[in-house]
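You will see chain A twice below: alongside chain B first, and alongside chain C after that.
Moving on, here comes the complex of A and B:
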């Protein structure tokens, strides 16, 4: 399973590096979201700084949708999805590989967005360990949910509109917990982040487990 | 319908006869909703995934990743099938992808080259059962000759091949046996009318369909299918 996961993740990342969709489209989209929120909230740096954690995670959430849709778009071209089914790969390995590739792209994006909130909103990046821990745990949860619901939506003609409907309500706990953890980290109150980090870890573990079991039947039925 | 090990079987029938559906059922891509189907000794009703490692399929589409090169696609397919990638270089050369051509992303290859790349994947995976849907489509004369030689060699090597093709002359030269399909069922060969069942006008195709023995329309999976 892990061997297959590494193979699939390597394939997906190689395709993304070559196509540069993440660099040329998802990254600029996320920065645009930050800029637009900044414009909507006005020039008051205190307001922007206090909202920076929530705005950061909303930008990450919306970018996850694009990354997941892209992850399945590469499988739909030339019936590569059928090719994946015929490949002999363990479905759990395919799930873990695709989720890992999405997570890796999101972590790179989050590094850029972190610089963005510091520059645009004046957020003080204290409590770096809490911020990084929240990013890692939150991203794993988002990638797992996105990959799981992505395979459901990818076999349908309404996939572009269905995925956000399936994905966004489910990841509300990630948005809440990650924002709270980041708020605590940015305010230098790392102790307040522990409970929220636990929520993120439990969420990620739960959905990775569900995805590992459920991905195979969903891939076959899609 | 039964296919013995090492047999090369040509599926023949008008458009919509169920040739592609049958191939997808045999590959485990479509579920068997009724009846029974056994491929390489495995019951497809109980588990249609377990057989896939031993199957090579060539469909209407390439099953390849456009952003990856031909060589990378081969490596991925072979590794996914627990194969050894050291043997892919001769396969690449066999299908005309020597040197720089192997490093071209599949999306930038011509349709014929993509077809060749799909065939290369099929060979590199070392499958026991080959399922080919219109394998001659999109290939130039050299490619068609290469494919025919490949199928002849596969038969000599004891591989089992089931293929659907409207290239009747080429198919007849390769196949051990022809299975006729109509309305999703195996039927007796239609009476010779002098007309081909390949790209035919709609009226001709309809006449051919009605000239076939009267059988109730239904999914191809209602007939037991046993392969190898």
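Moving on, here comes the complex of A and C:
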């Protein structure tokens, strides 16, 4: 299963490195979102600094949608999805592979966005360990739910509109917990983040577990 | 494969009409008792009258989601997999969404004069609002056409993904609130302390009649889903013919 996961993740990441869709489209999209938040909340740096954790995670959530759609768009051409089904790879491995490829791209994006909130919103990046832990745990949960709903929506004619509607309400706890963890980290009160990190870890573990079980039947049906 | 005539005969339309009539009388009695017979509350005044319908609506919404989840699980479990569990899940979720909407609206109308705001970020309220969108998404997914078992399986899995989220949302919001200043407004649970006599029985009647309304809507929605499936498989013509025969018969 893990070997299959590494194969699938390697394939997805290789495609992304060669096509540069993530770099050329998803990254600039996230920067545009950050700039628009800045315009919406006005030039007062105190307001922006106090809201930066939440804005960061909303930008991540929106970018996750694009990353997941991209992850299944590469399977839609040339009957690649049928190839994947016929490849004999363990479906749980395919799920873990695709989810980790999405997570890896998101983590790179988050590194860029972190610099963005520091520069544009004046956020103080103290408590780096908490910030990184929240990013890793939160991103794993987002990638798991996204990959799971991605396979539900892929192949449907209304996938572009359906995926956000299914995905965003479910990841509400990630937005809440990751934002609070980041708030604590940015304010230098790392101790307050521990419970929120637990929420992120529980969420990620639960949805990774569901994904490994449910992905097979969903891939088969599509 | 059953014919539409058998579907309709199994449902006993007469019994269904009786159920509908009892539910209607129950709701009418609740409204009458709630508006004219019961006294105004010592603290809330006439606002208390909203509480004869608001908790019953919320109860029906949660009951409906519980049944939808159970039916989805039974559909996914290979030994109990049957088409009727998928229809049951769909019908129940749809009625649940309607009652969630009514719960949110009635709660908001009650909250404005009581709390001074249409909305507070209370764990129960926030979870209810998220449930509303979660299940709207589920219903949207159900409407995407496809082969029966493919659609049923992906819907059942989506229902479970949504359901597992509910406790996580509830506890994280509760915790989020507890870290902030506690609401200085009236605690929504305290109203139970003041429920006495005629007020208590009116509320109980509300629970019973709204549950009957739920049952009545469920049977109708389930019947409709079954006929829709039959229409797809056997064609519109047959369904219309049988429906006409049933109308003439009784």
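As a convention for this text, the second predicted complex is superposed on the first by the 222 of 222 C-alpha atoms of A that agree within 3 Å, B and C clash if a C-alpha of one lies under 4 Å from a C-alpha of the other, contacts with A are read in each partner's own complex, and residues count from 1 in each chain.
Note that contacts are C-beta pairs under 8 Å (C-beta built on N, C-alpha and C of every residue); 3 or more make two chains touch, one makes a residue touch a chain.
Remember, it's a predicted structure, so these values are computed and weren't measured experimentally.
Peer 1: Quick one: is A:32 in contact with chain B, with chain C, with both, or with neither? Answer first, second, both or neither.
Peer 2: Neither chain B nor chain C is touched by A:32.
Peer 1: With both complexes overlaid on chain A, does A:89 touch chain B (first), chain C (second), both or neither?
Peer 2: After superposition on chain A, A:89 lies in contact with chain B alone.
Peer 1: Touch check for A:79: first (chain B), second (chain C), both, or neither?
Peer 2: First partner only, chain B.
Peer 1: Between chain B (first) and chain C (second), which, if any, makes contact with A:177: first, second, both or neither?
Peer 2: Once the two structures are laid over each other on A, A:177 reaches chain C alone.
Peer 1: Check whether chain B or chain C contacts more residues of chain A in the superposed model.
Peer 2: Answer, by number of touched residues of chain A: C.
Peer 1: Going by the contact rule set out at the top, does A:194 touch chain B (first), chain C (second), both, or neither?
Peer 2: A:194: touches no partner chain.
Peer 1: In the overlay, answer first, second, both or neither for which of chain B and chain C A:11 touches.
Peer 2: first
Peer 1: Could you look at A:2 and tell me whether it touches chain B, chain C, both or neither (first, second, both, neither)?
Peer 2: neither
Peer 1: Does the superposition put A:125 against chain B (first), chain C (second), both, or neither?
Peer 2: A:125 sits against neither chain B nor chain C.
Peer 1: Residues of chain A that sit at the chain B interface in one complex and at the chain C interface in the other, please.
Peer 2: Dual-contact residues (chain A): none.
Peer 1: Could you please specify the touching residues of chain A with respect to chain B in the complex?
Peer 2: 4, 7, 11, 14-15, 18-19, 74, 77-80, 82-83, 85-89, 216, 220
Peer 1: Mind listing the chain A positions that touch chain C in their complex?
Peer 2: Touching chain C from chain A are residues 145, 148-149, 152, 156-158, 162, 165-166, 168-170, 172-173, 176-177, 180, 192, 195, 199, 202-203, 206-207, 210, 214, 217-218, 221.
Peer 1: Which of the residues in chain B end up touching chain A in this complex?
Peer 2: Against chain A, chain B makes touches at 27-29, 31, 48-49, 52-53, 55, 57, 59-68, 72, 76-77, 79-82, 105, 114.
Peer 1: What residues of chain C sit close enough to touch chain A in their complex?
Peer 2: By the definition above, chain C touches chain A via 130, 133-134, 136-138, 140-141, 144, 146, 150, 153-154, 157-158, 160-162, 164-165, 168-169, 171-173, 175-176, 179.
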